[in-house]
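These are the structures in question, set out in turn.
What follows is a pair of complexes built around subunit A, which joins subunit B in one and subunit C in the other.
So, the complex of A and B:
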């Protein structure tokens, strides 16, 4: 972010305008497309928020349960920030941003109890399903967190178990059985720029952010996860405000799912 | 017998045959293959006399002497500044070309231009060894204040500016924005009214998208006129 754009952006905010003319709590157009790669993945989805575009895919594997939870399956979330999506992203092992993105998505799904892990167990202590969710941003025009979380949920919703024949997984055929998806946690990230709260920033706004809070919210408005980022602190009042906005906004995002 | 296969102002793709026979000569982004002229870039055909050339829809910026460019200060040294003007080699701005103020020997040059500052400068020399010299002496050459920066392909800069600045003048008149366009494709703009500023941005994006259409100035005028009432 260059200083002259940031100074100008803060000036615009004080006049009550966003960089691209939206309202402070207005999302860009959200679209969700299901089953974009139904031949190679058990479930997949493409989410667009304005010009931000994220793909998510679900693959499943049979493995041995962890010793501390012998009767539960598990999930794994992996995000890769592709260099084609943003000139600032480098190829190579995942950096701190990619790890944060995948963990925030993982936390909302895990702590929101989206999947019934017990139902992912095939035989106690011996076999379970691992659900692997891969997230790939195709274009980063800001707000990857919300787009990734929405894409992950959409891909889970799209997923079906592959067929199991002679104790082996046949990935070429799918059964009609859907994943045990019981709740739909979605995250909404509220950004604080100067003294303003903003949702769904474009890339210029995102690089001027002081602090942000990602809030995972369930259908009934219950919170399931939180993640704070950015260099500046937040007061308890700030957090109350942000959580309130998040609960209101996730209702809106949910309509796209 | 020579004949032209494509029409003037037609959009062509790389590999497309443009003309047959030896009477036509290959110009920019056109090569000769035996008796045929072949396009090597996506663009619009321009025939002037016997010369067939392509005006590329998108091409990288090549610095030329006399260009006004917008660059970012990426280095401050003892004798001047290093400026990123959007091509692989950084340009030099020496102290004597930067200001008419008296600068004492050994003074801290970051007081004048610091890292991350954006400046509008003129290219005064391009040497074959990729050394580019900039100057800040001239009308309108200055350090840029707070504002938006847009990037457009440098091949579309002439359309954004228009004949004798007609297009950019039109946008400025309707939106009351301050706009500076660098030949390297960087556009700086700032408006007092945020809504008018957004209109200026959308007008520039529209020019960028429709740069190959003739009669664009009238179209943009219509567009600005239609949006004016919403402000």
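So, the complex of A and C:
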């Protein structure tokens, strides 16, 4: 991001316009497609927010429960910033951006108690289901956080347990049993650029962001996770504002599920 | 047991249903999706762009760099561990060699053309699907080329030579022979040839003829997808 572009953006914002003509709190068109890898994955989904496209898939394995939670299953969230999706992404092990993205998605699902972990336990202290969610951007045109969170929830919604035969997973057949998905936490990220709050930035706007706040919100409007990012600070008033926008916008995003 | 009828009811020289689309990754210089049966590959091309570190640069021509990757949820069994494996590295290499003979990178000294291939769903023939998608993506990116590359697997299942094996056929009675091929149908050259399993000399000849015919059909679909992308001019 060079200073001239940023100045230009701020100039636009002060006049009440966004880079692509949207309102400050307006999302691009959101679509969800289920079962995009239904032969391979236990559940999968494609989310598009404008030109941003993210895939998420769920694979499940049987493992030994953790000693501190012997009667619970668990989840694992992994995101990889594919170099296919953005000319600035490089091959190699996940960088800090990919790690933050996966942990923010993980936090909303875990702390929002989306899945009933107790129902993922097969035999106390011996066997549990581990639900592995993998997230991949295919085209990064900004706002991967919200697209990833929505894709992960959609993939979980699409998932069915694989069949178990002789204590082993038979991936060739699915049971018709859905995952114990009890709540649907979704993330909305509010970005602060200059003195303006915007949602769903396109890639040009995203590169000008001073700070951001990702808010995990449940169906009833309660919050379940927060993550502040960016190089600038936020005042308590800022946070108030941002949380309010997030609660309002997640209601909209939810309709796409 | 003699293999009288194919497991999915196809004729011995019949491809699985094929779909192709050009322009699936907006940010890339070129991109394409190729689906054969249930195998789905997408490919995106970035570049020509500066290649770092400099030691890898070629002072007289551009460098082609391919990366084949299966998404973690795209395997038929357990989750595929993310990151390069020995298998994916070898496949990346042979894909590079399958595409390179048809490309003219002489104007791109010091630069790299990156091709990223991602498998979303797999059911045998993933490297072939990857090559088909990559070749269309390179054409979409405007990289000079003599011809598209079309690719398909052939093999021997239960004593019969067949075109385009499914995963079920690869696993048939535990010993099917799988031959991955790629053709430039215009120049008449084979640019990929890998075989796992046993065949006689005659069977190999027959298999390659079958592969060539399959590739001709695939090429028609690739060309059609490219034309669809550009009909009425670029829309973006």
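What we mean here is this: the second predicted complex is superposed on the first by the 257 of 257 C-alpha atoms of A that agree within 3 Å, B and C clash if a C-alpha of one lies under 4 Å from a C-alpha of the other, contacts with A are read in each partner's own complex, and residues count from 1 in each chain.
To be clear about the criterion, a contact is a pair of C-beta atoms (placed from the backbone, for glycine too) under 8 Å apart; a residue touches a chain by one contact, two chains touch by 3 or more.
Because the structure is predicted, anything quoted here is derived from the model rather than measured.
Asker: Contact-wise, after the overlay, does A:78 reach subunit B, subunit C, both or neither (first, second, both, neither)?
Answerer: Touch partner of A:78: subunit C, not subunit B.
Asker: On subunit A, which partner's contacts cover more residues, subunit B's or subunit C's?
Answerer: Counting contacted residues of subunit A, the larger count belongs to C.
Asker: Between subunit B and subunit C, whom does A:55 touch in the aligned arrangement: first, second, both, or neither?
Answerer: The second partner, subunit C, only.
Asker: Counting only touches as set out at the top, which of subunit B and subunit C does A:165 meet: first, second, both, neither?
Answerer: neither
Asker: So in the superposed three-chain picture, is A:235 touching just subunit B, just subunit C, both, or none of them (first/second/both/neither)?
Answerer: Once the two structures are laid over each other on A, A:235 reaches no partner at all.
Asker: Kindly classify A:220 by the partners it touches after superposition: subunit B alone (first), subunit C alone (second), both, or neither?
Answerer: Neither partner.
Asker: So in the complex, which bits of subunit A are touching subunit B?
Answerer: Within the complex, subunit A touches subunit B at residues 2-5, 7-8, 11-12, 15, 17, 20-21.
Asker: Which of the residues in subunit B come into contact with subunit A in the complex?
Answerer: 72, 116-118, 144-149, 188, 190, 194-195, 198
Asker: If you look only at subunit A, which of its residues touch subunit C in the complex?
Answerer: On the subunit A side, the touching residues are 36-42, 44, 51, 55, 57-59, 61, 78, 80, 82-87, 91, 93-94, 132, 134, 136, 138-141, 169, 171-172, 203.
Asker: Using the touch rule from the top, collect the residues of subunit C that touch subunit A in their complex.
Answerer: Within the complex, subunit C touches subunit A at residues 24-28, 38, 40, 42-44, 46, 49, 67, 69, 71-79, 82-83, 114, 116, 118, 120-123.
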